[in-house]
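What follows is chain A paired twice: with chain B in the first complex and chain C in the second.
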Partner chain A sequence: MRSEGMFHRDVEASRRPFLQLVGATGAAALAGCFGTDSSPSNEEITGDEPMTDRTFTAPTSVLPEDMQWNSANDSNYPDRPGYVVFDRLVYFQATTGEFVAGALADWEVTEDAATLTVQDDLTWHNGTDATADDLVRKLHISLYDSHPIGNFTAVENVTAVDETTVEVGLETTVSEPVFLNSIKSMLLDTPAAQYDDILSELEDDPESTALSDFAAAEPIGTGPFQYERTGEQELVTTKFEDSHWADRVNFAEYRFRFIDGNEQAWQAIRGGSVDALHNIFTSPDIMGSFPNSVLEIQQPANWGLSIAFDHDHKHFGRRAVRKAIAHAVDREIVAENSAGGGDAKAPVGTPTGIVGNFDDSADDWLDNPGGFEEYAGRNTDRAAELLESAGFSMEDGTWVDEDGETLTFECKVPAAWNEWVDALITFNQHLQDFGIETNLITRDDSVYFGQDLYGDTGFDAAGFWWSDGWTYPYHSLNWNLNSADAQTVYNYPTSVDVPPKGDPDGDPETVELAPELEALVGMDADSDAARRKIQELAWIFNYDLPQLPVQEKIDQCFVSVENFKVAENPDPATSVQYPTTYLPRVGKLVAKAED
Partner chain B sequence: MSERTESLRAIDDGDAFEAVADKTMSRRERYRRLFDRWVLAPGRIIRGDVRARIGASILLLYALVGLFGPRLYTEPEVNQGPRSITPLSEGLTHPLGTDNLGRDILAQIIHATPSMLQMIVAGGLFVTVLGVTVGTTAGFSGGRTDRVLSLLTDIVMTIPGLPLIVILAALLEPQDPVVTGLVLTINVWAGLAREIRSQVLSISRHSYVEASQAMGLSTPTIIVKDILPNIMPYVLITFVNAARQVIFASIGLYFLGVLPYDSVVNWGVMIDQAVSGGAMHVMSLAHWLIAPLAAITLLSFGLILFSQGTDRMFNPRVRARHSSTTDTADEPADETTTTTGGGIR
Partner chain C sequence: MQQYYLERTLQAVITVVSVMTLAFFLLRLMPGNPADAYRAELIQNNPQLSQADIDHRVEQKLNVLPDAPLHEQYINYVAGLLQGDLGESINEGVPVSEIISEALPWTIFTMSLALLLSFAIGISFGAIMAYKEGSYFDNGLSVLSIFCNSIPNYIVGILSIWFLGYQLELFPTGGRYSTEMEPTVGLLEPIQTLAFLGDALWHASLLILSYTVVAAGGWALRMRGNSIQVLGEEYLRVARLRGLSERRIATRYVGRNAVLPLYTALLIAIGFALGGSVILEQVFTYPGVGYYMIEGLEARDYPLMMGVFLVMTVAVVLGVYIADLTYGLIDPRAQTRGGDHR
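Take a look at the complex of A and B:
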């Protein structure tokens, strides 16, 4: 026994110096990680920065060796590099609500046609001019690929008028914002060299899978950087001197380093192995660990978390229950917790189904915002009143219905979406405090989307999104009230009984939702009629609550200004997705002069 | 007349196997002996071995926390304190600090303990009972029983463990801790059964086992009386390993998001949330990650120490030297102690 004890002491004695060594090394390493720094600050962009050999490095989540460049083929398409190599037709400045030029120099939407004008100095990376024919090819391919513009037009209505002009004949009247919103994510990425044959196949057989099967090994785009090479971990693109944007780009290379996962991305920008992160939710605690040279640029994402209720559910099919929940949950605290105490989630103010809660611009669409129910949250008296009026009663601290059945439900959320999990934990807590028994169920992503939302398993309540990322109210109202998702995911009816706008005690009238939204889509966005229609639909949303919108996301982009200068908020150009891919085009992300 | 002559006469009379002890124990003595064998002697072993003492203290602490902690310490709730405060920064209000939702971390550790213990015990017992039953039955019975059970064991062993668990977890979505414990150890029993079978094969050829067989004792009796005590140290170690496997597997799968979780907190979920919340990179959040890691490590450490220390509780060769308060006439006594006769003699 003694010898055993001696042995342990000896081991302990020899271990101690080792631990001391490890401790000292660890402390040194930590000092590197967490210590203060004297990082360079951002500098003003003058517009006459000289050309440099600098390389801008950003992450990509697709392994460079596996990348293929056909955006219609979901497999291994590198989304962010695609925004650099290809041009979007138009870019959207979310903070001003304006569309600005991309591959299109100009556009005009009239009652029966949209006229689109391609930039006259646009050149493909293989040296050929990009013309109206290229845009026609893109639109034709998109129409064969079931793009939403198929709601307004057809292949035979899209024709080139001259070298740079394309006319899109409209089959239904559509307002300019609706049309532009529908093409804003479209890239000019179908050069003749790669896609002429595919289009021919589609023309011969619209059911052909030639498009989705095609995997372009190298991209031919019109963007400011062209494909150079791929390594095991890195994609290299170099400045395209004939680009329409070339005059404002002053660095030689744009590289994409393979980085998988948020933790690795944070570590990369902290360690300086990348110059930027395109879009990543980062709590204030983590931001605090970044060097001072890393700037945050925010953009409204125009979508966010909502709670979708199964409208076929015995309890959630009842409006009073949905309203009671909306009254009981404090969206401000939910959003704050979801953002880790930061400002990357804006709580939804008055739930109307209109985006713009980050700057309260949602209310600008309403003549009398006070006439809508605010559902301020933690209003348990009003929530209790609503449940009691619907036949519920409180027994032993829990709400039960008229049949004695407990008001209880499972709230599903995808496990890997941490911000949503945090939001739903808070949501559940508020409901439990109010006496509604809730149970948070985290689900694997594929199960969540494949079985719960879009499959047969279903849900009682689940985290969903209340806008599809488009800003004009038609889109978000249609998404919530009339979309295929509304009818299949949360079983929303095609008509609802609601009292007249502004008169919650008035006699309910049955409103067929589809005709209302069809009427709105054709109205001039600036007209009084459109404004009235938007308010009527917002009233329906507010009164009936197809979903409970909780928060609106604010995208966070990070750029290190150690070697680069970048425009900061509130420059409207920073609100274009993504600042890392758009700002270099307009000379608002430029390299500092080399030493 | 000599003793030997009497015995021979008994055999001649055909009543050799009807012989009974000339001195029967009273009920009180029997209970006292049982108490001595199962309580006092193990207690003495634990007291006498520093590893067992520390291990038992740790396990006792967890058991107490699991039993009484949730009743004594406040439930974790969002925004019950400021977000992400470090330990003791607000005195003893939140001794281990809070997480990104303002939930008290000590409260999460405590309230997660009962379900973790249930999971561990369920998994450990499942592996041990199934592994020992199949292993000893196969090893002792031989013949067709052995072949069938060995085939079954081999089949289960060839199924890759982790993918099987991941698939089962995805299919069953276990939320009850007991079911989770069983799922996580679904194929661990096979390895134990295989090893125990081989040990039993060797033990069953010992003369005392053959003697028991010759005496006509039933197979279960022979297994329980003659074989199990020999393999108990190994079984205990396996139980501990299975328990640790449940801990690590559950933590890992909760961390990966494979196992569903509900509102009840869990150490694995805590680690997952801490890592995704940046606790790996931000010093001020380190407590959020260290607290559940420490809880897991300490429990695992306690289990290992306890199993090492209690080796002597079951090991017949070591056990024979332990002290006893009961005086048994049929066992040799040394100057100060008598043996309790817990093992094979």
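Take a look at the complex of A and C:
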């Protein structure tokens, strides 16, 4: 049993490969070859669609009867249904970089405080009003649960000012996007009826496990659909008429059908037993087997594969080797192979540590993108030049260092993350073509994360990720240059010697990374100072390559328009994570009128 | 004879303890542990979490994870086991016995039905094939039986899901019963009970079919071989000379003697059927004990894996044990030989 999650099973990873293979794999593949298609097309949403009795059905990977609804308890928490039953505080439209209202109607972040305003017509599913006290409870519990917001504030600084307003006193200056990014995954899901006692226990003993031990049998949320019942195969939620979203919801039920595995999910939407797939990597050949009524909706994930180098390694600790590898590998081909020939992986353009490669918006942060090294790939002349300058030479088609030691390494990757494995196969091929001996090692998930990355076994090079899902450049730059992960997973130093920005031949200067990132976190995101600082850090990233970012993932959601109408890309609302859970709220996923 | 029973009982107990001990240590020798598995899950689900946060959550979740030396853990486990305590699932946070008691009836339901069906079909066809030895019927069915018996049951499962589930939509492709169905088993509610059992049977049909098709082939071939051997025995000639009817000879003389050796195999198969459920239950997303075995394996949930493993071991050992103890009762020749031997 497990909880559903952001990158779980139906996204980047396809776990339990053997059993999935023997599961519906063959059946799904075979089934895709059959069927006729006279599918209806999408229709324009007018905004005055009548209420219907229709049911929208989507998958869940948690057995309905085993579900529990405490998001702080990872066992059997149904993530996707949680996004329907509970409201997020804010929703983030990735393509516009805009935060929009959720349980919060408004917010303001100043130098020393963040003021959060709860929607004034917010109602819990048990009929009680959701107020500022409820938000305070949520924030307090989150702080006791080590939520990242604890980087800026503490329990005693979070107080209700009035019925709908909460003030969060900030202990460090933090810009609005950094603050909002830190709360964007937060749900208003801790009603007094279930969590008052838990909060009291945490106040008495912050080390108490009362929160993680609690398993709520039924959820009390504020979302547009409320829990009705669970059956063997389905969770049934029904429209909550007192929801502040209710006016825009025109279908009666939102059901979640238990579907365990990608192949079953694909088959389910082919066969029409579900109306949507929330988020699932699907290659073009599989998409080709879907009925025409199934629409793909893409969202940038702001997350993707990189190659992490062990900076304590004899060879990878040397910048020239990392740069040579970056020049030798063609990221476009790697990304294309990783996506099975589709467009669900955007190759990283110029590696700067800034996300936004799906639409080149990463370059918008740079005044002079051309001033950064592009590392275009398959540039073996430049790669050879770099290695030779570092004392390497080519012997019998293989690079050796000044001691005659072959430049060789193992590249580890989690075995069940098929797309990563595909990417790394191409990556290795390019390096082998260039004369660097590489060996791809696929590892069990738990061994890979528990021992190779975060344990004592370590690695020479490994598939990792260069952004942590957040968009503002501070987050990805901090992740790569200054995080605990950077220092412990790939042993990145706390300071680096780099030439001045835009002058690769200039005299190197030592840059202490932590103070640079700390300075950025407090700067107004729209200010020139923040932009300059971001560019300086991007330069360091580009020049030193703490990791080699390879690709950026694009989430794929699928909706059948057989009985529903849905907004399509590029509507900004479709770029909210898990659009199947957000679009109904804003009237952009509505039922067609019944016959 | 008493000593025979005693020795068999002792053998069974020693087998269970040995297998349990081996499993206990082998599971812990697997690469990765519950903390690693949980860390992997957290990272996949929450890429925004810092390493410190992940450490904290792993620690909170697994604060019950014993850090005592392995031999101490083993002693504690055995001590708990002797008191009927299978431990608590690390991943689920509920007692393993609760998970097993909820899942086991479903596995028993499907596997026992599948086993009985395959046995009945297998011995029926096997006997007919033996009687028609050398005929087209015999040759054809022999080839078919070998073919069926050679295919892994999960391949039959995939094909049946595809054809009967997805293409013809005759059967559900997963789950134990319909969402709308209220699980009801009670003498006072016969209609609801029948409806529920019918629905459960409908959901289990493809799983049962997958096991049955494969296993029936094996039973048929064995029965055919045994029957042909019996048909060549002198006492059948005597029976015919005595003027006994062919029907009586077929059922009382041939059938009974040919099926006797299969009795032991059937009892052993009961145990192995539980083990065989592991992959089939995954294929059909059928939450029985086999399904939870894989769940436990993925999460390196030692108590859950041990609990399911123990149930399967006990089932196999019990099957062999009962076969040992009772074979003499249904076949007095074995009893005599056993007695003589002792």
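Couple of notes before you dig in:
Rule of thumb we're sticking to: the second predicted complex is superposed on the first by the 560 of 595 C-alpha atoms of A that agree within 3 Å, B and C clash if a C-alpha of one lies under 4 Å from a C-alpha of the other, contacts with A are read in each partner's own complex, and residues count from 1 in each chain.
Operating definition for what follows: a residue touches a chain if its C-beta (ideal position, glycine included) is under 8 Å from a C-beta of that chain, and two chains touch if they have at least 3 such contacts.
Everything numeric in this text was worked out from a predicted model, so none of it was measured.
By the touch criterion stated above, A:Gly391 is placed in contact with neither chain B nor chain C. In the overlay built on the shared chain, the residue A:Ala215 is in contact with chain C alone; chain B does not reach it. In the superposition on chain A, A:Pro500 makes contact with neither chain B nor chain C.
Touch criterion not met for A:Pro206: it reaches neither chain B nor chain C. Once the two complexes are laid over each other on the shared chain, residue contacts for A:Glu234 go to chain C alone; chain B is not touched.
By the touch criterion stated above, A:Val447 is placed in contact with chain B and with chain C alike. Of the two partner chains placed by superposition, only chain B is touched by A:Gly288; chain C is not. In the superposition on chain A, A:Asp422 makes contact with chain B only, while chain C stays out of contact range.
Taking chain A as the reference chain, the count of touched residues is higher for C when chain B and chain C are set side by side.
Common to the chain B and chain C contact sets on chain A are residues 30, 34, 267, 444, 447. Residues 30, 33-34, 262-263, 266-267, 270, 282-283, 285-286, 288-289, 333, 337, 340-341, 415-416, 418, 421-422, 425-426, 428-429, 432, 438-444, 447 of chain A touch chain B in their complex. Looking at the complex, you find that chain B touches chain A at residues 77-79, 83-84, 100-102, 170, 257-258, 260-263, 273, 275-278, 280-285.
On the side of chain A, the complex with chain C involves touching residues 1-8, 12-13, 15-16, 19, 22-28, 30-31, 34, 63-64, 66, 73-76, 79, 146-148, 185, 209, 212-213, 215, 231-234, 236, 258-261, 264, 267, 271, 303, 414, 444-451, 454-455, 465, 468-470, 483-485, 488-489. Taken in their complex, chain C has these residues touching chain A: 31-33, 35-54, 56-57, 60-61, 63, 91-93, 154-155, 157-159, 161-162, 165-167, 169, 173-181, 183, 279, 282-283, 285, 287, 292, 294-295, 298-300.
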